[in-house]
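Both of the next two complexes hold chain A, though its partner changes from chain B to chain C.
Showing the complex of A and B:
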């Protein structure tokens, strides 16, 4: 039951094959069982059961609110949830309980969705491993599945691999079957990167399509809520529910032209698929390149016109992203001063000392580092040289995409990450900036240009870990993009983690025992 | 680009279930393409996907000389940002970040306007300038750790941060 898609489980709920409370309990049990993944920061057991009961009443009366009524979902812990802690995995907000719901959260609740928990992330969503939060790293569920174990002989305690990030908890929640849907956020790839490494469908919608109200901001001009599901059709359905103008977010657009129906059987014949050559970057693994070729061939054999295209400024995109990200972070993080909400230091003889000590105690090295870099790039003497320069390069990157789409290309096909998931110990040994340079290489250009992109899992690597490819479309053509993604998904035959269930469960028991042992000590 | 020159170079073995025979296909424009797909040590090869990286990192000699951050600037940044570098490593990180950012100067941006936001060509919705919600002062004040009546409490202002050495000592006491 837990490995079904939203569409399937929604049908099961309506036909009475399972009740919302039973389903909710199953998910809550699953969360407990998969506790060792550290995917959740807060599990909202009590409110989830209440919401499930209400859904049950509606379903029994035959008046469900929509296809999500009674369906359990999870939210990244940087979206505000009324009366439920929202921590951003930071000491700064460890005890922060917002009095309101983010618009996208409210929309899911209005549809009868059952919120089972808030998921783990890198502190303030700054990272690409989900290892930099105060609640500890998230483990990739595929680390405990049969293919990885058998192909690498890895040991469960020391050789686990990362989920990617920063929405690693959301990806792990969907991949480990404890939630049918999870929201992440995507500033430079934070939804697509863990989507690729955990083998789930991860959509970054067009900037302006979904409200950011209540998403604790990282980079205002690039942040978008991201959607993670087990199949493309589910992502399309959730997109329909979430999209639309929000009076509380002036950067959402009115009636975008994406209202077209999602094509379940998209015909790829005669569409033009662009292969941006710059996406064969130094460090791209042979296996990721092979998948890229394989899928390009799939399209070509189905009658699509596949062609190599050029996005000449791609190489500089990550640099541009880094400068703009630091600058906006420096500005956005200024709100955390200890006075109105969040952590407040005990040390405080003066306002400035209170600010400085609160921020010293509240932020980790990565966040502090970006704030300092941002302040440097924004210094009067550097403003033109770095900040405006980066904004100019941003335009060149956006124009690269526009040129290709104007020439008639319908979608771009690229890798999502350079490699499959790294082992935690290997990943940890590199510094954060180096990591971000590697991990966001193929994902952040889309954020700079505001375009929609979706990561579709395509195969397991020879280490038994997921590899995903990215499809990029023109702005506000999210539905058509998902149509192409759906076509691809049906042809690549990516395995479900539930096929490796036996192993997953047994590893889990080992994990449980180990934890109890630790606790006892 | 020749299909054949690209096919031989890359081999990989993946544990996949998909076995397809080699096939001869024609593209829309009538070119012939050999698909080489071997299983277990097979290679996938597309005429369109480059088989080798298409660019290299900017060589260091094309970048401006490394910037070093003098102590006065460290002090200034800490005062502006209201966070501290903590250690020498923090300063080294900034220097590295600057060097990374300097790659931007390889790009010719003559005549290109800065881009603030991707929605620049749209008229964004502005609502009427009237109060729509509110009356939640009490709820908001509850989020603060120190309030008196309907005020947030801040310690005395207009006192600059102490000197750098005293600051480090002060922050050491507030280690979490």
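Showing the complex of A and C:
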């Protein structure tokens, strides 16, 4: 039951094959069983059961609120939830309880969704490993599944792999079957990266399509709520629920031009699939590259026109992102001073000392480093040289994409990450900035350009870990993009983690695989 | 020797709207601390600014009244310069949303006048250029208790909409700056875009002051803050000009610094909150799209609802009569002196009072104006009352003037009656005249007797009149009026005296 898609479980609920309360309890049990993953910061057991009971009443009366009625979901812990702690995995907000719901959270609740918990992340979503938060690192569920264990002989306690990040908790929640849907946030790849490494569908919608109201910001001009599900159709359904103008977020758009229906059977014949040549990056693993060409071949064989395209400014995106990110971070973090909410230092004997020690204790090194850099980039003498230059580069990167799409390319096909998930110990040994430089190469340009992109898991690597590919579309063509993604999903045959379930649930049993892993060639 | 120069003014005008610039919390003065604070005003994480259309309309209206060009597309910026410390932690988000790159209105002009001459009857027209009008957030207030090392914060004001008007350095002394700000205040009040009360902080003026020798460029400037009345503005600028001249003449250096005006000592003193290096850090505000206003309905692109859009021409059509036009109209319509038109317009509600009196009396406007600008206004100033608080209503004053016009009382008696009216609310002029026997004495016998007494007791004056110095007759008339307490009919008295001094 837990491995169903939203559509399937929604049908099961309506047909009475399972009640929302039973389903909720199953998910809560699953969360407990998967506790070692550290996917959740807060489990909202009590309110979840209340919400499930209400859904049950509605379903029994035959008046469900919508397709999500009674369906458990999880939210990254940087979305505000009324009366439920929202920590950003930071000491600063460790005990912060917002008085309101983020718009996207409210929309899911309005559909009858059952919130089971708030998921773990890198502190203030700054990171690509989900290892930097104050509540500890998130473990990739595939670390404990049969393929990885059998193919690598890894030891469960020391050789676990990371989820990617920063929405690692959300990805782990969906992948480990404790939640049918999870929201992440995506500023430079924070939804797609863990989506790829945990083998779930991860959608970063067009900037402006979904409200950011209640999302505690990292970079306002790039943040978007991300959607993580088990299949593309589910992502399309959730997108439909969440999208739309929000009076509380002035950057959301009115009625996007392409609000067309999601095509379940998209015909890829004659579409043009672009392969950006600059994405053949150093460090791209052979297996990821092999998946890339395998899928390109799939498209070609189906009659699509697969062609090499150029996005010449790609190489500048990481540094451009870094400058713009730090600049916004510096101002976005200025509000946290311990006065009205959040952590307040005990050592403040004067107002200045209080501010300083509060902020020192409240933020980790990564956050403090970016604040410092951001203020430096914005200094009057540096503004032109760093900030303005980065903005110009951002425009060039956006124009790269526009040129390609204007030339008739329908969708770009790229890797999502350089490799499959790294072992925690390997990942931790590199410093944070070097890590993000490597990890966000394929995902950040999309945020700089505000485009929609979706990561679809395509295969397990030779280590038995997921590999995902990314599809990028023109702005506001999210539905068409998902149509292409759905086509791809149906052809790659990525295994469900439940197929590798045995060792995941009870680690002393040898997993008997129900179907052959689709490992990379 | 160096000449003074007020190097421009920065005026912060609180926009008179019911809600704040980027949130729905109400705007109010003297509400209990932190009672008018939304989640956004308290800068809770995850909240976003939502622009208040009323504030945009107010800025456009003000821009049009000051002959600015309205930028149909303008931008919002984050000013991240503010460092939180005990003196300035009043932007709770740590930054202020303002319009640095392209403000809503630019390149305007404010025309104001100076009244000069012995009787303030020479009107000198002056102009000051308005560089720009930008929309921005007001700050909260913080109060620091040095003894207990505590900082108290009130966020009621945080996020109230401000128009920052930047005036070019076209003024040369405190008096000019004061006159310009006074005119601006009247314009804002006429528009209703700002209530303009300086003591409540609705209008705040910072003055940049520098001095230079004629022909040389302006020297280093200082910024004078904390000026909360127009009178102090003039004093602060003049003090600062003189201070800088003194410093330079002593061979010293003027520093680029922020100074506060201390109204008690009448001096400017360096402020503490801007110690250290100032570095202005701005970045585009990412949560607000460009602010677009449209010329008129015809220029609206498809899909934009006219009721949601700000239309410049529509606002222009609805502009009220501005003070300068009102003054011209008063001079032309009623034939009053220009300086009187200033007095009328300067006082809130006085034009309306004056016109209401005119409607109810046959007395000529030129004769009524003195009553309004001298008697009435003098009384109000003395009692520290506003026009709307006046105990004498326009109709009551009109009745009094009508009695005088009809010859029932003399003008000096009328003034006595007026004084009485200001003391005893509700008593009509007629009632007071009867009660105090102030009616005109026109009993010919009685007047003959009084005149005879005066003529008899002033032989020298009578002699002078008889020798041709007719003006001396006025002195005798004055003596008769004194005897009658100003109640004698002057025409009759003159006739009788002329007869008796033939």
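Side notes on the structure shown:
Operating definition for what follows: the second predicted complex is superposed on the first by the 507 of 521 C-alpha atoms of A that agree within 3 Å, B and C clash if a C-alpha of one lies under 4 Å from a C-alpha of the other, contacts with A are read in each partner's own complex, and residues count from 1 in each chain.
The rule we apply is simple: contacts are C-beta pairs under 8 Å (C-beta built on N, C-alpha and C of every residue); 3 or more make two chains touch, one makes a residue touch a chain.
Only a predicted model underlies this, so the values are computations on that prediction, with no experimental measurement involved.
In the superposed pair of complexes, A:461 makes contact with chain B only, with no contact to chain C. After overlaying the two complexes on the shared chain, residue contacts for A:418 are found with neither chain B nor chain C.
Shared-chain residue A:302: touches no atom of chain B or chain C. By the touch criterion defined above, A:316 reaches chain B but does not reach chain C.
Of the two partner chains placed around the shared chain by superposition, chain B is the only one that A:245 touches, whereas chain C remains out of contact.
Annotation for chain A, partner touching more residues between chain B and chain C: B. Legend: residue contacts after superposition of the two complexes on their common chain; A:213 is shown touching chain C, with no touch to chain B. Once chain A of one complex is fitted onto chain A of the other, the partner contacts of A:2 are absent, as it touches neither chain B nor chain C. Once the two complexes are laid over each other on the shared chain, residue contacts for A:49 go to neither chain B nor chain C.
When both complexes are overlaid on chain A, the residue A:12 reaches neither chain B nor chain C. Residues 96, 99, 221, 247, 250-251, 254, 330, 337, 339-341, 349-352, 355, 375, 379 of chain A contact both chain B in one complex and chain C in the other. The touching residues of chain A, when paired with chain C in their complex, are 79-80, 88, 93, 96, 98-100, 102, 212-217, 219-221, 247-251, 254, 327-328, 330-331, 333-337, 339-341, 349-352, 355, 375, 378-380, 383, 387.
Partner chain B is touched in their complex by these residues of chain A: 91, 96-97, 99, 147, 151, 207-208, 221, 245, 247, 250-254, 275, 277-278, 280-284, 286-287, 289-294, 296-297, 300-301, 305-308, 313-316, 319-320, 322-323, 326, 330, 337-341, 344-357, 359-361, 363, 365, 368-369, 371-377, 379, 386, 388-396, 398, 431, 433, 437, 449-450, 459-462, 464, 475, 493. Of all residues in chain C, those touching chain A in their complex are 39, 42-51, 78, 80, 84-86, 89, 92-95, 144, 149-151, 153, 279-283, 286-289, 303. Considering their complex, residues 1, 10-18, 23, 25, 27-28, 33, 35, 37, 43-46, 48-58, 77-78, 80-86, 90, 93-94, 96-98, 100-101, 103-107, 109, 112-119, 122, 124-127, 132, 136, 139-140, 142-146, 152-157, 159-162, 167, 170-171, 173-176 of chain B touch chain A.
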